[in-house]
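Shared between the two complexes below is subunit A, which has subunit B as its partner in the first and subunit C in the second.
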Partner chain A sequence: MTDEQGTSGAILVVGGGISGLTAALEAAEVGNDVFLVEKNAYFGGRVAQLNQYFPKLCPPSCGLEINFKRIKDNRRIRTYTMTSVTAVSGGPGNYEVTLETAPRYVNSNCTACGDCADACTDEIDNDFNFGMNKSKAAYLPHEMAFPRRYVINKDALSDEGAAAVKASCKYGAVDLDMGTDSKTITVASIIWATGWTPYDPTKMDNLKYNESDAIVTNMMIERMAAPGGPTDGAILRPGDNKEPESFAFVQCAGSRDENHLEFCSYICCMATFKQMTYIRERYPEAKIYVFYIDLRTPGKYEKFREKLMKDEHSTFIKGKVAEIIPESDGSVTVVAENAMTGEKIKQNVDLAVLATGMQPSLNVDGAPVPLDTDPSGFVNSNPETGILSAGCACRAADVVTSNQSATAAALKAIQVSRRS
Partner chain B sequence: MNVQPDLDFIRYLKTAGGDTMKKCYQCATCSVMCPLSTDENPFPRQEMIWSGWGMKDKLIGDPNVFLCHQCGDCTAYCPRGAKPGDVLGAVRAYAYTALGWPTGLAKLASTAKGLPMLIAIPSVIIFVLWAISGGMVIPTSEDFAKYGYQRFFGYWDFHWLAKNVAFIDFFMLGAVGLAVVGSYKGVTNLWKQMCKREGVNPDFKPSLVQLARDFVWPSIIEIVQHNRFRECGTNRNREIGHKALMWSFIGLFIVTLWSMFANDVLGLWIPSFHGPMTIWNPVKILANVSAIAMIVGCGILWMNRSKSEAEGNITPTFYDWFLIWEIMAVAVTGILAQYLRWAGLITPGYIIYYFHLVTVMMLFMYMPYTKFAHLIYRTTAMTFERYRDSSFVKNPLDK
Partner chain C sequence: MDKKICTYICTGCGIGEALDIEALSAVVTGEMSQECKTHACLCGSEGQAFLKQEKKAEGINTFTICACSPRVMQNEFEMGDDCITVRGNLREQVIWTAGDAEEGQEDSHKEWLQETASDYVRMACTRASKTEMPEAYEMESMNKEILVMGGGIAGITAAVEAAKAGSKVTIIEKAAVLGGKANGWVKQFPTSHPYAELEENSIASMIAEAESDSNITIKTSTEVARIGGSPGDFKVTLKAADADSEWDAPAKVGVDEQDLIDKGEKEDPNEGLKPYGEVNEKADTFGAVVLATGWVPADVSEYEHLGYGSNDKVVTNAEFEAMAKNGKLEGINNVAFVMSPGAEEHDEDFPYASSVTSMVALKQAKYVRENNDDAKAYILYQHMRTPGNMELFYKGVQLDDGIFMTKATVTGVEGGTVHAKDTLLGEDLELDVDLVVLAAGMVPTTKDANIINLAYRQGPAFLDLDLFDGYADSHFICFPYETRRTGIYACGGVRKAMNMQETIDDATGAALKAIQAIESADHGVSVHPRSGDKTYPEFFMQRCTQCKRCTEECPFGALDDDEKGTPLPNPSRCRRCGTCMGACPERIIGFKDYNIDLIASMIKSIEVPEDDDDKLRILIFACENDAYPALDMAGMRKHKLNHMIRFIPVRCLGSVNMAWIRDALSAGLDGAMLLGCSYGDDYQCHFVKGSEIASTRMENIGDTLSSLGLEPERVRSESVAITDYDKVADLVNDFVDEIVELGPNPFKGF
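So, the complex of A and B:
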């Protein structure tokens, strides 16, 4: 049977982060047609924002690059960025899905030369860096963005900006009249790999995230430590750019908490240990205090924990930080009860890092179509209906586990295709 | 450490509002959120694990259990829904029973099952006394207007002790006496346990004067000012409710003392003191203002509790509700009896007055065992808290 797209038994993968890339590649490389759609202007998802993976401490280009290469070489994968699913109808083996692509305002003539950004006079908050710096309204999302093509935020462009950007492009790539594009595809199954969003730290009113620059999230530390980040790899206190002499890691900031995320986000303990290595590279003498309920470093990660816990300038305190007091000198005081000694600790530090957890992105933005989810918003995988989930859309997980679940989802999707 | 869990204790806590305690995973959020918990002695995290493990000996002599004002800040921020505030309330309920004397009465006052008996005891005592006093006759409306309820238990010609005074003193002073002895035993027992737990050296003891001046009195001042209630974030208007209630009790205590003095002493020479007071009598005004404050204060706490229960923030318990009902019953029957007297409705008036006597006697008699016992035990704990930090306990040269 041949359908409109010339694909048969195709698989739709929603989300182009590490899980979506893996699921798409695994399915395509055994001969299935795959649609890979990504809401952002680039593939790579959260992993692209990291400085390093744990526990091997290699950069995210390791892993992402090879996957991008595999995608470029594979004719069976059709990729769509800035695209979301808006409607799904039909049944297993024969889903009709409506996709909507937001205008990028830059067409495929773009060579990523950067002239438009140089010419652009308007600036926007850099979302990729969690707003810690600005970018031009005509921008490349990040250094190793794939596809390597600029994006224009038209709403942020002034009239002069628009004229300048248009005039600067020698290749005729800027198209400010571009509109929203909608298309319908038919697929046998759908893999939701919509990933996670860092839990909004302002929801924990006792942690006063909004009231001090000295309170940052673990994902902000990743961006600061990354070579292409807002500080070019330096870990500095936002606002006054002070080199912190002391750090507090606030574990379970929003995770394992009925009032916030009731599940364990799985990665935050390891992320903290990893970020301790970032700090040590930059500040060998800085004091580090880690406040935790339990340290959860399962399996082989135990070795990583043991190594970092030997650090002589680090202190580990069993007790959750339930209050942060912003101080007038720009520092903060974190308050916890040390459950080992039964005494309250008020520790003043230059920078407090909230180890915020993973909220399923579908639970933040809302699912575009009704989905079978658990109470926390993770999508249940169902091979019968061909509606599957992978990575952090399925459960809070690290990269390795995400890739395992992506491969599993790909296998189930292939089975649905063959069945129909 | 060898832990011997007391299963009966755990079972009791679960029925008294502590059914959530096993959810606790010891993150200590509660100890930080609690506005009353101090840096050296934070609570209620430790109390939560002792409760879960059934370590009742650690808890009964623990001042923190009584220092808790159950404002609910810990419960609001608890990541597990373990409701530390309710668990501490349950521990207090247990402690009042365990410290109570006589034990049988204390046990009776601790569960809803005992409620019929709790009402029956004063009801029967007063009814029997009323019957044998020969006062169980409906007076003429003139007499009712003149004497009010002053001849509830009848009248005799013996000048030095009016019949009504004799009967009322008999059971009310009896009930108060029992409460005073019970309170004394309970408080001294608690004090001993707290001293033992803290490892207080018995060689350095303050004199009674020192104890009263340096430790008890500042605690009472602090209680009256409601400083600790004001710290609470989650339940702010509890402070207003509790303050109104406390002042109404102080007001009515003064009224009761005056009435006792007027009836038992002044009445011997000036017979008019055996009649009801006019409405503009300052003591009467104080009584009425206090009664209204009592209803308002109790009403605020009643509504607060209902609202929190409806929102699922606290667990309804007999221990909490019994005191609210009891106080409300005292205030309502008292005001109603006065109103019926003014209205000249003799029979309903006498019946309501009977119930007023029953509720007042209940309040007195069960004070050391019900939630009302916080009056003595929290004061004791606050006193101990001061004592613990003084040089009688801490060597000022240490540290």
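So, the complex of A and C:
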């Protein structure tokens, strides 16, 4: 084990989602020292929010559990949550990186007993569930959160809430005076695995996301379908909790569109087919309408599509959605032109699901340090400088492809360590 | 090591309030005859300091921590390489799942809870006394060179990238030159923004880079006859391409088949070949293997309406590329590209196609246009597949006036006329063209041949590739490189139809995995998923009856055997799941910290009350990968579990030896359940076959129980996913209800 400041051969991985975890573990299991930093309070990133993976329909937390176990068993990886990179100087083989850790307000004495959450009287929007429910202001981000340590949103605490939370902890773990912590580390290379953010649906005026509860995003459906989600696995229309009898999937919501994301977001077609299985499990007879430009389910995903296209209550319409009209009864009408027939379609449904695209997170939050990116915000990998990218920070991709790229980035990083 | 054991009971997180800690300590000091101390918060800074002091001042080296789940506070209770830590789960599996007492049962509830906790403490103490310090396996010889099979883009990339990390590499290529399919390409896809223009073929410079690297040895016109041995010490016999060798890997011959061969009733497929177990003294040694043997163009002659094979105007995309490469596009001015062969039956792409075939059509349409300004290309697709940034290339191609693209159902090709329906133009289409190009798929070389040619007990090929249409792929979305043959990593077209950029990433990743497998073998530790595990299965061979179950059932083919059938372990192939241990009827296989005696002793340490129908005992073996975490979360969500249940975590259900079940029932426990991962085509078992094998064994044990006069319903195997935390309580509680219905084990007390 190296000292806290790292060694000249260490690798910094920025982002602890599936790509960052993979890059960090694969490098560490070769024998390299790795710093893994994550800005959220937990590791797992975007996939931690998914109910299932396509096409196997297996839970992502299963693979995350294995990865977390690998991290716990590996002394070469040092992990930091709630931490961001604020400055980088130096060059390949010898980068000096400043890390800033935001206060968690819960220190390492936390036993994860949950007494603080029980005692807490203040509530906040649950970001993990896209604000579809509330959590206490002293909370565990989700069931599977790793590290299993509570977090406090101090800004949301009332005076009495703060007192209650503080008094509830028998172990002295609540520290509301905690400040931002800053440290400098030295590393040979940096892998940006900062992932993606669902494209902001309010940017598409015609889709009226803000004007009806009956318009949700595909990521919201993932949370609803998840057993620990805001509805305990039920897919309901937000607002009135209606069990929808009809669904519309609006493909390419923001993708393949020069006014929004010019690239194809790779996963949305498969995600829609996957979400059709969620709906079928819960509503065997519900009508499903899928509005698409192309159904991009290449290679082994073609079989998955084939199976679901046989669904007798589903209709597939080649045509980009022009508009969604909120109706007074809480439903919405999806308007599109059928590209095959030229017919104008107005389909009323109980719930419209926007298959929102994948925006590189660095393009949403802004890169903390100057980075070589393409106009979409994807980070160009450069083995010479040792500034590398992996997963969806690099390009839109599914999990398998992201992990290939993360494993590749790990070797590129090791090469920098070994040549310096 | 001389063990100095002490049990530490944490009274934090409500454990102290819910349980009689004094009585619990008395269990340790009394019947378990071990030292016991308590602490108000073991994981806190004071608690950790206390434990460190115990190590230093008291010389404790085996810590039995009875506190929270082993899934949490692992670092806090990590006492160093010279110590053993064993965990007893009093929080998640006892007090958090206790639930509220039913009315009138308040006293019993407290008593039951105390009994449950006492049993977990007994089991933890037993585990501590039975666990031995693992010592990593040391290989007799260690070779760190990587063998790359296949010298196309994937193989060259894997070799060059591994060499850049300092590895020695040998590339073997069946053809006389390196380069593979890429040698025949005119141009390649764009790889950087704005993804507008095709790029010059870079294969020549890639070959030059490999050739000039002093770490890389290149052997062309060469193939693998067989690969034996294990990571760190693979024995590879190479041969001239297409030649026959007595060292060619023999086919697997089953016992029945061998019988027929011996009787002369069947031809011996391995006639003239050396037995799989024979070692070629002249073989080359390698540490790991990257399989990059690529793909072959798919046969498209089955689609009669498209006329391939009978109509000389119809060619495949691969043939068209060759025509373009060889300057044979003269007079070819109108070309139709057909993406989907299904006519009106279906809208799928050709078999073994992927987004690459869409991209190839776009690329080749550009060749048509570059060849002649007046030429026209027609792309007839059902779904244009240009994912990610390839969309930008597609957009660029759309701007070309001479390239027409439409969704279309191609119903037939007659001479130079293509008939299509359901087009975006709203009408049927008849296109007169000079050439029709079919978007044939890429069939992995592993589909119809062994390719990897392993001289393994379980046969020469990867197993169950039909699940992946013949691709040498992993079944794990999270772990794309993990196949059932440790130390061998596939990449490129043999694994999935992929474009060049993805192939380069994939090959680089495979190179890392190869290096990692070698490093792990060198350190004597396991690779994924039990990465870093120093334990390995040890065999007490004197009692082996050569039943061959372990060699047959190992999901990773880690065990070879000698002529008599005695297993020959290869620890660096082993993933430490323990399926061999579960298989062995003689109970002679075990790990230092996980073996038949250890678990059997834990079972025996469970107290079995007699003559009390409220105190039946149900044993549940829970897979530590998915079932155990699900149970933990059931605890976090305060789901009540029946107080009669006792859980024992296992590495994989495959490691559960049926002797444990018999031990449990003969000790008077009333029922036993296995909780593990789902199996079948979409298996989630991290050891691929463990849960499936366990369920088969459980079917058979049912018969054994019947013959003993015990109801087969007393044992059961169930699948749970890690996310089933809201269902698992009902699942196990219902099982307990059924056992209660059956009544106590009639053997109780005997």
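Heads up, the rule we're going with is that the second predicted complex is superposed on the first by the 414 of 420 C-alpha atoms of A that agree within 3 Å, B and C clash if a C-alpha of one lies under 4 Å from a C-alpha of the other, contacts with A are read in each partner's own complex, and residues count from 1 in each chain.
Methods note: a residue touches a chain if its C-beta (ideal position, glycine included) is under 8 Å from a C-beta of that chain, and two chains touch if they have at least 3 such contacts.
Keep in mind that what you see is a predicted model, and the values were worked out from it rather than measured.
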For this session: Could you say whether A:167 touches subunit B, subunit C, both of them, or neither, answering first, second, both or neither?
Result: neither
Exercise. Touching A:407 in the superposition: subunit B (first), subunit C (second), both, neither?
Worked result: second
Exercise. Who does A:61 touch here: subunit B (first), subunit C (second), both, or neither?
Worked result: second
For this session: Using the superposition described at the top, determine whether subunit B or subunit C touches more residues of subunit A.
Result: C
For this session: Mind working out whether A:323 is in touch with subunit B, subunit C, both or neither, as first, second, both or neither?
Result: first
For this session: With the two complexes superposed on chain A, say which partner A:226 touches: subunit B (first), subunit C (second), both, or neither.
Result: second
Exercise. Touch check for A:259: first (subunit B), second (subunit C), both, or neither?
Worked result: first
Exercise. First (subunit B), second (subunit C), both or neither: which does A:342 touch?
Worked result: both
For this session: Scan A:206 for contacts with subunit B and subunit C and give back first, second, both or neither.
Result: first
Exercise. Subunit A residues touched by both subunit B and subunit C?
Worked result: 256, 339, 342
Problem set entry | Touching residues (chain side subunit C, partner subunit A) in the complex | 12-14, 41, 43-45, 68, 71-75, 161-162, 164-166, 192-194, 346, 348-349, 353-356, 358, 381, 383-392, 395, 407, 422, 424, 426, 468-469, 471, 475-481, 496-497, 502, 504-513, 515-516, 519-520, 527-529, 531-533, 625-626, 629, 633, 636-637, 677, 682, 684, 686, 721-726
For this session: Enumerate the contact residues on subunit A facing subunit C in the complex.
Result: 18, 22, 25-27, 29-31, 51, 53, 56-67, 69-70, 72-74, 108-109, 111-114, 143-144, 148, 170-173, 226-228, 232-233, 256, 262-266, 294-300, 302, 305-306, 318, 339-342, 374-376, 378, 380, 395-397, 399-401, 403-408, 410-412, 414-415, 418-419
Seminar exercise, completed: Within the complex, subunit B is touched by subunit A residues 206, 252, 256-260, 293, 319-323, 335-339, 342-344, 346
For this session: Within their complex, state which residues of subunit B touch subunit A.
Result: 25-33, 37-42, 45-46, 77-81
